[in-house]
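Paired with subunit B in one complex and with subunit C in the other, subunit A is shared by the two complexes that follow.
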Partner chain A sequence: MPRYSTRIAKIVNSSLYRHTLGAAVESRWGRLILLAGVPLVWLIALHIGPIYQMLKISLLSHYPVQPGVESHFTLANYRLFFSEALYFSPLIKSFIFATLATASTLIVVYPVAYYVAKVVRPEGRSKALLLLLVPFWAGELIRTFSVIMLLANRGAVNVLLREIGLIDRPIPMLYTSFSLGFGLVYLICLYMLLPLYSAIEKIPTQYLDAAADLGAGPFTRFRKIILPLSKDGIVSGCCLVFLTCIGVFATPMMLGGPNTVLFPETISGFFHGASDKWPVGAAFALIMLVTALIAAGIFMRLVGGRKRSAI
Partner chain B sequence: MRNMFADAPRASLTAAYWAFILYLLLPLTLMMAMSFKGANYIAFPIGEWTFDWYVQVMQDKQFLDACLYSIMIAAATTLAATILGTWIAMLIVAEGIRGQVVIFAIACLPAVVPGMISAISLRIFISTVDMPTGTMAIILGHTVHAVPFVVVMALTRLRTMPGNLVDAARDLGADSVVAFFRVTLPYLWPALFGGMIFCVLLSIDDFVRTFFLGGYRPTLPMLIFAKVQGGMSPEINAMATLVLVVTAAVGLYAEYMTRRARTR
Partner chain C sequence: MNKIITSRRTALKLLGGGAAALAMPHIIRPIPAWAQNGVLNITTYDKFLPKEFLDKFQKDTGIEVRIRLTDDQGKQYNLLTAEGANPSTDIVTVAGHRYSQFISAKLLQPLDTGKIANWKNLNTAYQDAPWARVDGNLWGLPILAGYEGLARNVDYVKDAPSWDVMFDPQYKGQTSYIVSDFMTIVMQYLGHDGDFVSYVDKADVAQKATNEARDFLIKQKDMVRKYYEAGSEVQQMFINEDIYLAHSWSGPAAKLIMDGHPIQLSVPKEGTFGFCYTLNIVNNAPNAENAYKLLNAVLETPEVGAAMTRQSGYSSTINGVGDLLNDREKLASTLPQEEIERIIFFSSVNRDMKNEMIDRATAEVKAA
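Here is the complex of A and B:
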């Protein structure tokens, strides 16, 4: 402590400090600039800037501009999306996969979230949650790669099925819609867990006890009390999972096949292939973002709205 | 009869929980097991077991360089994100500042936007400011991704901080800067530590931003991805297992330290 104090004292009393930071914090404006300057520059330049630039470039005819070529504003990039099935079909597929994955995740994770929130004793909840979160520390790529071990022609599932005599030849599960769907759910199910857990944990236990005293069975208690009161968790969990799923990039490339090209892969092609197709890629990316947010917004309105009317 | 029926849901939920644990861990376990296979192709059953793949991986210059590169990027990202995130959090909780809700929304924007969109918008952004793809661009992209999480963690901690701690320091002669470093920062430390570990893990595991912003030098995820595309081999499993074990250990350590700090 003495050393620390001495060092601080030296810094504060040095002329360098007194004429720079020391002088700045003397005035109200100085303190304001010190507090707000860097954060605002960063937020405007790096959080808003990229989206703005993407929007701007999506309206250009060429970018990056080659020598001798002139670039002008146009809506052709957006029209291109609607003109060919090659372009809007992958977006529809992405939506279908994301919706099915979200629904599957909700069904799979809800009982687990309820168990940890209500059945496990309070002192054991941290450990129960921690056990669930460990796999989350493996990155997207490693978890996707792990699914291949399970589903490959000589993966665990096919070998097991053959060992017990159910099949003679491997079921081709890899590089199909099934492996992609399975991989997506496997990848994102933990994003559903925490919102559900938080919402269910907040439901007072007294409600359940009162319902039981009045003769309600387990299923009735679930349908009438737990489900409605955890609606907020369901909504935020589903939106989070859906938005994450719509933008997943590596998993479709590793687990999908020729018939399951999703929109992120289509968009990627405009940036890594042709050199002046960035405006098209930017337009498609914005279409994906806007449609995903609209879908999430509609979902929140439909599910959340009833709660409002109920109140 | 009634008791038996009453216990059924509980037993079912317990079974669901452990089935879920198995579901989460099984693919990773199989992946790790395959790294010990004594053959150069991926297939079950494993048959002959060996450590050869680990020996080979540890001697692989490309793998070691990718490790070093990823760690360096993660360190830079963590430093930048912690400073910026804390600064933004201080701005949000400061008295007399208007538009805090808007600032918070903008701060969290990168966490809400799908990763793919974020990566593409950053790719376009660095192009418009004439920054080349490569190390600096990757660090920038990872930092943008990590800042929202530091902001949230710091905000949560700051909102439980008694206001009179800083007031007392000011009354005793400290200026704003000294009060921050002597009072606020020590109070924030547990949250910042957790946030920093989270930033490291986010950065090391990130693939999509690195894919769009990176140059020719591969990070760990890029290396693993390239090898998977190039053909399966237990060598990939060994690499993935090493990365998984280290990141899980770091994550558990952070959880332990954060919890200990919380109870202090």
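Here is the complex of A and C:
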């Protein structure tokens, strides 16, 4: 300790510190800039900047601008979305799909989070969590390919079913709503698991013991104590999963079938297509962003409600 | 803490130093990596340029080759357009029928064949092909030729003389295609001009024909297992037996045949379209001279062309490649004469109208 104190004292008393950091810390604005500067630059440069750029492109008549072509500001790209059902229906489909995927993820992951947070002994929880997190060290594409290897006609599931004599012809599971839903739940369950685990782990075990002593059965204990006290985790987990599902692009392309074309694929068509439709793609992307945020906001308002004690 | 008293001079020094530090990146502007001497940036499809060839080229010339992969002509066009007069790539891989789009946007520079000493090694059929010359200039080095074929798993589909088989109810849910590409074939199948050449100044006729193909594909949607985008996807679906039939570029299907899978590729009686991939030097390419050295090296020996064919499945345009392929490789890249005669090379005429109508119809089919 004395050694560190001496070093810190040396730094604090150095002229460099006194004239730069020390001076900054002395003033209120200096402290504010020091604390908020890096996060603000990060937020503006990496998040708001690209969105601003997309907003700008979405208001242009042509982009990328080619030689001999004049580009001007217009709202036509936004009007296009509202003028044709062709573009409206994939967005609705995306919302329905994201809602179903969020609900499925919650149903699948909640018992897992509860098991790790309350049933596993405290000393084993970090190991259990680690085991659950290991698959997520692999990239999204690798995990998507693993789903393909699992569900294909000659994939592991069909081979197993055929080997044990349950089927004689493969069940077409891949490139359907089922494979897309299964893949999505598998790919994004981490976003649900961590908030849920964090919320459930904080619930004092004494509450459950007291309820049991008072005659509450397992379902009543779950309904009256665990569910209300884990509401924060449910709300944040659902919002994270919903917003991820709305914007997910590669997984529906790789696992979805002809009837599961979602809005991100429609948007990508404008960027990859032969004609210069970047402004339309940018406008549609912003429409998706805004509507998804509104939906998440409504959900948080309705389910999250005001902060209050559950008991 | 003691109160720090900063003099005006110290404060000014600090401000000046801070401003200089912040401005430094703008004052010292290093040459971007992609514009340095001894570097060549190539945007191309996966498995087009063989690794052994690139390694040898780098060793012989000292030029570092940096490959950027693409899987779509439209994507490549859009990215190149976005970079404008300062491209970060020297060579792009354009399909011959997309020339007009790239040339009218001033994205390519005319090819000076005088700088390619090995030009004579290119098959004469490609040295000055009708589709290759636009505005009096040649624009690229043809490297691989292909066509849009009907691929089938011969264990399950014995014969397929017509595109009809793609709509045969017994193969319901077992077919696949790239919507935009297959729509041109369907237009041809329905008796229209899938390449739009005859629709110049006849937008209403073209729209009617496109709508008919679109409605047909929507009606047949339950035949489809998946709309794919990249050649690797159709290969994967065939290997996993998720599909038995597909409209496929010849390269990916031929590659499966070379690898011993029970796949056959044919040109049905209604015909199909052919295309040629070329390596093109980008307008304002930062390393154009290095690009010419690579084009010359590609043509140096038929081994390079043979390796390209083995990797991609497409037919090489370089003389002498056929002698280097084994029987299975030859079988994969060879068609009976009557089927060859059914291939029409895509034209670059009226591409804007075609792109506009096909893009929209594709979105409509997918959303239906």
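To be clear about the criterion, the second predicted complex is superposed on the first by the 256 of 311 C-alpha atoms of A that agree within 3 Å, B and C clash if a C-alpha of one lies under 4 Å from a C-alpha of the other, contacts with A are read in each partner's own complex, and residues count from 1 in each chain.
As a convention for this text, a contact is a pair of C-beta atoms (placed from the backbone, for glycine too) under 8 Å apart; a residue touches a chain by one contact, two chains touch by 3 or more.
If you're wondering where the values come from, they're calculated on a predicted model, not measured in any experiment.
Of the two partner chains placed around the shared chain by superposition, neither subunit B nor subunit C is touched by A:Val41. Legend: residue contacts after superposition of the two complexes on their common chain; A:Pro218 is shown touching subunit B, with no touch to subunit C.
When both complexes are overlaid on chain A, the residue A:Ile96 reaches neither subunit B nor subunit C.
Contacts of A:Ala152 after superposition: both subunit B and subunit C are touched. In the superposed pair of complexes, A:Arg18 makes contact with subunit C only, with no contact to subunit B.
When both complexes are overlaid on chain A, the residue A:Phe249 reaches subunit B alone and has no touch with subunit C.
In the superposed model, A:Ala138 makes contact with subunit B only, not with subunit C.
Residue contacts after overlaying the shared chain place A:Ile298 against neither subunit B nor subunit C. In the superposed model, A:Val116 lies in contact with subunit B only, and not with subunit C. Note on subunit A: of its two partners subunit C and subunit B, the one contacting more of its residues is B. Residues 12, 22, 26, 64, 148, 152, 154-155, 254, 271, 278 of subunit A touch subunit B in one complex and subunit C in the other. Contact residues of subunit C toward subunit A in the complex are 1, 3-4, 6, 10, 14, 72-75, 77-78, 81-82, 84, 98, 101, 105-106, 173, 221, 224-227, 229, 233, 236, 239-242, 351-352, 355-356, 358-359, 362-364, 366-367.
Within the complex formed with subunit A, the residues of subunit B that make contact are 6, 8-10, 12-14, 16-17, 20-21, 23-28, 30-31, 34, 42-45, 84, 87-88, 90-91, 94, 97, 103, 106-107, 109-110, 112-125, 127-128, 140, 143-144, 147, 175-178, 181-182, 201, 204-208, 211-212, 221, 224-225, 228, 232, 236-237, 240, 243-244, 247-248, 250-252, 255, 259. Against subunit B, the residues of subunit A that register as touching in their complex are 8, 12, 21-22, 25-26, 31, 34-36, 38-40, 42-44, 46-51, 53-54, 57, 64, 108-109, 111-112, 114-116, 119, 126, 128, 130-135, 137-143, 145-150, 152, 154-156, 159, 186, 189-190, 218, 243-244, 246-250, 254, 264, 267, 271, 278, 281-282, 285, 288-289, 292. For subunit A in complex with subunit C, the residues that touch the partner chain are 12, 18-20, 22-23, 26, 63-67, 86-87, 89-90, 148, 152-155, 170, 172, 174-175, 253-254, 256-259, 261, 265-266, 269, 271-278.
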